[in-house]
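Okay, here's the structure, questions in a sec.
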Amino acid sequence: MRLIAENLGGERGGELLFSGLHFAVSSGEALMVTGPNGSGKSTLLRIIAGLLVQAEGMLRLEGAPAAFEGLAAAAHYLGHLNAMKPVLSVDENLHFWQSFNGRGQYSIAEALERVSLGEIGHLPFGYLSTGQKRRVSIARLLVSDRPVWLLDEPTAGLDKASETQFTGLMRGHLTSGGIIVAATHLPLGLEGSTELALGAAA
Amino acid sequence: MRLIAENLGGERGGELLFSGLHFAVSSGEALMVTGPNGSGKSTLLRIIAGLLVQAEGMLRLEGAPAAFEGLAAAAHYLGHLNAMKPVLSVDENLHFWQSFNGRGQYSIAEALERVSLGEIGHLPFGYLSTGQKRRVSIARLLVSDRPVWLLDEPTAGLDKASETQFTGLMRGHLTSGGIIVAATHLPLGLEGSTELALGAAA
Amino acid sequence: MMSDAVSKTGRWIDLANPTRFLSLAGGILPWLGGLTVLVLAIGFWMSMNAPDDYQQGSTVKIMFIHVPFAWLSMMCYTIMSIAALGTLVWRHPLADVSAKAAAPIGAVFTALALITGSLWGKPMWGTWWVWDARLTSVFVLFLMYLGIITLTRAMDDPAKSAKATAILTLVGFINIPIIKFSVDWWNTLHQPASVLRMGGSTLDPSYLKPLLVMAIGFTLLFFTLHLMAMRNEIWRRRVTAMRRVAARSADRGTVS
Amino acid sequence: MGALFLRDVRLGLRAGGGALVGILFFLAVIAVVPFGVGPDLKLLSRIGAAMLWIGALLATLLGLDRLFQADRDDGSLDLLIMASDRHMLPLTILVKCLAHWTVSVLPLVIASPLLGLFMNMEPVAIGATALTLLVGTPAITLIGAVGAAVAVSLPRGGLLVSVIILPLTIPVLIFGVSASYGAVEDPAPFLAPFLILAAITLFFAVLGPIAAAAALKSSAD
Amino acid sequence: MGALFLRDVRLGLRAGGGALVGILFFLAVIAVVPFGVGPDLKLLSRIGAAMLWIGALLATLLGLDRLFQADRDDGSLDLLIMASDRHMLPLTILVKCLAHWTVSVLPLVIASPLLGLFMNMEPVAIGATALTLLVGTPAITLIGAVGAAVAVSLPRGGLLVSVIILPLTIPVLIFGVSASYGAVEDPAPFLAPFLILAAITLFFAVLGPIAAAAALKSSAD
Amino acid sequence: MTSHTGFVLASYGAAIIVLAALIGWIFIDQRSQRQALQELESRGVRRRSETKMDNAS
C-alpha cells in the first residue's frame, strides 16, 4: 500500500497555500507535516481525507486492500474536534463509530484499556477532561478498520504519560502495515519518519 | 494584589478531585498548575473563575483595584473554547469583548499586531487555522482590562514562534502587576513561577 | 462570599441529614399507612351511604373523589413550589428530593381529577370535555407536571437538575391562582367554590361530611406515598453515588 | 451592553435568517387556516386576531432554544457569567432577549397588518392586534428565556423548551386576544386587558431575566 | 446505517428528554389554541385538522436546523462524509432524517387522534388527519434537510435557506389539510390531495437526500 | 338515574386502578433500590461520606 502525492497544491479562500508537493508514504511509514500556524497543515490533511479538493496535482492510494475503494474510504481522520456526542456514553460513542467504520483490530474494551481509560466506558463523554476526551478519540482509531491514519495535532492536551503511550500505539499501527500522516508542532517521538515542512505564512 | 487559597478542595460529580490546597499568588507572580489528565487542573481554574463552587475551603483576592469588586470580575478565563463567533469577523469579535470587559492596555489593532495577526482583522473568525484562532483568543486577553489571567492550556495548537511570543506577552502582563494562573502540560518558559502539582488520577 | 454559601450548606446537611430522615420515615410510615387505610375505608363507606342529590342523582358520589383529587393536584404543586424555594433559598438537601418525588404523584392526582371530572361532565353537561377556563387550567397543570418530570429525567446529574427544576416550578406556580380563581374570573360551566370560600360552606352537611373525610383520607394517602417516594429517591441517589465510586476506584486499581 | 445587543442582532441577521423564518412560518399558518375554516370571510375576520396571536406565539418559539446554547457551545457563556459583577447577569439576559426579539419577532409584528388584510380584518382590529403584539410578544420571549436557560445543557432541547414555556404563555395569549377583540366589539373593553398585557410584560421583564440568570449560574460546570 | 439511526434516535431521546416530549409539545400547542380562538367547540372542530398540521410543521421545524450543524460542530460530519464510498451519503442523510422524524414527529402523529378528541373532531376526520400526517410529515423533514444542509455549507449564514425551504413546505401543508377536510366534507375530494401528498413525500424522499448530499459535500472545508 | 351509576362506577374504578398502579410502581421501585443497595454493600462498596467518617474515627 502506498499513498502518493504528485505536484499537489492546496488553496484556501482563493489563495494558494502550498504547491508542487511530492511525497510517497508506504505501508509502515509515517509522514510528519510541520510548519508554522496557518501554513496549511490542516488543509493538506483535509485534502488527503477528501474533504477539500486540491487546487492542482494528483493524489492516489496504490495497492489498497480490496475492501477500501478509495483513499477517503481507507483513511481515518482525527481532527481538532473529537466527533463524539457529549450526552452519549463513551461506550455508545465508540460503538457507533465501530459499526459505522467497520470493526478494527481491537474491541472497544481493549481499545479503552490501551489508552488507560478502562473503567470509564459508562460515563457520558461530556464528563471527561480534555485529555481524556482526546484519548477516547484515539481509541476510536483503534476500534475502526482503516489503514491510513490522518492525525491533526493528535497529542494536543495529552499529558506526558499518554503521549508516550500514544507513540507506542502509532508504532503498533505502523508495524501492522498502516500508514500515518500527522500534522504536528511537537515531535511525536516516531524515529525514522519523514518530515514535510510547509512554508512560513501569516 | 494577592490571590489567596486556603484549604481549597474541588469535586466533580460527587467525587473529591483535590483538597487542602494552599497557595498565594501576588502581583507579578505566576502559578503553573500541572498534573496528568483528569487530575483537576481545569476544575481548579473554573473554581477560581467562579464558574464552579468549591467543595471546601476559601478563596479570595486581596487588595484588588477598586474597579474590580470580586475575584470573578477581576479574572479573565481563557478556556479550551475560544468564545468567538465564527460568522463574525475577528475585529467584530474582539470589539465586542473589549467593550463588554472594559478597555484594556492595548487597542484591537495593537493586540492583533502583538500576536502577529496584524492583517486578518477583517476575516471571519471561522476562516482561521487552529493556531490563529488561539492567538486571537490571546489577543482578547490583551484588549480586556482584567488583572488576573486564568489560562487553560493556552499554548495548545501554537507553533514555536507564537509560543515564545506568548511567553513575552505573559511576562509583560506580570511586569505590569498582573497575576497569572495557568494549567499546562508543557513548560511555558516563565522563569521564577511557582508550580502546583495536582495528584495523579485516571 | 462563595465560601459562606458552602459552610451554610454544610450546616443544613447536619440539620436534615438524609440518614436521619430515612430512619424517621421508617418509623412513621407504618402508622401513617394504617391510618390512611382506615380513614379511606370510613370515607368510602360514608360516601356510599350518602343520599342521592335531587338534581344530580347518584353522580354526586363522584364529587367525593373528584374534589379531593382536584384539591390535591393543587396542593402537591404548592408543596413542590415550597420545596423549590427550599432548594433555591435555603439549599436544603432534602428539598430537591421532595420535589422530584412529588411530581409523579401530583401528575397522577391531576390525571384522576381530569378523568373523574370528565366522567362527571358527561352526564351533567352532556360532553366529556369543554375548553372552559378551569378545565383548561387543570389540563395545563397536568402538562406542567409532565414537563417537570421530563426535565428531571432529561438531566442525569441531580445537582444540576435540582436548581433548573426548582426555578421552573416556581415560575409555573402562577398557574395555581389561575386555577383557583378561574371560575370567578371567567364565567364558566364549572361549579364555583362552595366548600372553601369566604363566608363559610354552602354545601349540605350530608355531602360535606363524607367529602371532608375522603379529602383527609386522600391527603394522608398523598403524604404516605410522598414519604415512600422520597425514601426511594434517596436510596436511588446513594446507589448511583456508590456505583460511581466503585467504577472510579476500580479504575485506579484500589478497591476500597 | 450596547455591544452585546449589537453582536446578537448581527449574529441573528447573518447566521440564521431568523427574521424571515418567523414571517414565513407565520405565512404558512395564515395560508392553512382558511382551508380549515372554509372561505367564510366573516368567520375568518372573527378569528383573525386569534390566529395572528397564535402564529406569533409559535413563531417566537422557533430558535428560542438556542438563545443561550449557542453561547455555551463556544464558551462565551462562561465569560458572560463571570462578568456578572460588572454587568448584572439579569441585565445581560434582558439585552439578549431584546436582541432576539428585535431580530426574530419584531419583523413579524411589523408584517402582521399585512396578514390581517389577508384575514379580512377591519382596520381598527388590525391596528389593535399589531399594537397588542408589539406590547405582548416581548413577554413571550422573556418567559422563553427562562425555559432556554433551564434547558441550556440539553443539546436538543428545542421541543422541551417549548413544552415548558407554552403553558406559561397562556395568560399573555388570553389578554392579548381579548384586548384585540375589545377594540372592535363593543361590550368588551380594550384598555383593561391591554394594560394587564403591558403589566405582564413588565412583570416578566423583571422576573424572567432573574429566573433565567439563576438557572444559568447553576448550569455552569 | 442501523447504528447511525440508533445513535440519532438515542441522542434525540436523551437530549430532548424522551419520546414523551413530542406528545407533550403537541398537547401544549393544542391547549393554547382554545385560549386564543375561544371555547367554541364547533369552531374548534372545524380548525382542528389545520391546527394539528400546524403543530406538526412546527415540531418538525424545531431542531431541524441542527440536523447537520450539531454533527458539523463536533466533527462527526467530516467522518460521515469521508465514509461516503462505503455508505452512500444520500442514504446516510435519509437515515438521519428518518431518525429525526421518528423522534420528533412520529410520537406526535401517534398522539394526534387523542388531540382530535380534544378538538371535538369527528372520528372520520380524526382518522383522515392522522393518516395524512403519517404520510405527509416525512416530506417536511426531507425538505427541511435540504435547507439544513445548505445552511451548514454557508459559513456566513444562510439567509436564503428559510426562504427556499418554508415556501416548499406550504404545498405539503395545503394538500395535507385539504385531504383531511376532503374526508368529511362532501364536495371536497379526499383521494386526490392524499395521493398528491404521498407523491410529494416520495419525490422528496429521493430528491431531498440527493440535494442535501450535494450541499454537504461542497460544505466540507 | 340508573344510567348514571355507570359513570360513578367508572370514576371509582378508574381512581382505584390508577392509584393501584402508582402504589405498585412505588413498591417495585423501593424493592429494586433496596436490592441494589444490598448488592453494592455486599461487594464492600461504600459511600464517600462513610469512608471519610471511618477515617476520622
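Note that the chains take the letters A, B, C, D, E and F in the order they are written out, and that residue 1 is the start of every chain.
The definition used in the following text is that a contact is a pair of C-beta atoms (placed from the backbone, for glycine too) under 8 Å apart; a residue touches a chain by one contact, two chains touch by 3 or more.
Keep in mind the model is a prediction, meaning the values are calculated, not measured.
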Contact-graph distance - origin chain C, target chain F: 1
B-D or B-C, whichever has more C-beta pairs in contact: B-D
Interface residue identity across copies chain D, chain E - same or different by half: same
Farthest chain relative to chain C (centres taken as mean CA coordinates): A
Intercentroid distance (Cα basis), chain E paired with chain B, Å: 44
Centroid distance [mean C-alpha coordinates] between chain F and chain B, Å: 49
Intercentroid distance (Cα basis), chain C paired with chain A, Å: 55
Chain C residues counted as touching two or more neighbouring chains: 140, 143, 146-147, 150-151, 154, 241, 245, 248, 251
Interface hub residues of chain D, defined as touching at least two other chains: 14-15, 73, 154-155, 160, 163, 166-167, 170, 221
Shared interface positions of chain B, touching two or more other chains: 13-15, 50, 70, 80, 86-87, 127, 202
Chain B to chain C touching residues, read off their complex: 13-15, 50, 53-59, 70, 201-202
Contacting residues of chain C [partner chain B, same complex]: 1-3, 5-6, 157, 159, 241, 244-245, 248, 251-252
Residues of chain B that touch chain D when the two form their complex: 46, 49-52, 68-70, 72-73, 75-77, 79-88, 92, 95-97, 99-102
Residue numbers on chain E that touch chain C, as the complex places them: 14-18, 20-21, 24, 27-28, 31, 34-35, 39, 41, 44, 117-118, 120
Chain C contact footprint on chain D (complex, rising order): 143, 146-147, 149-151, 153-154, 160, 163-164, 166-168, 170-171, 207, 211, 214-215, 218-219, 221
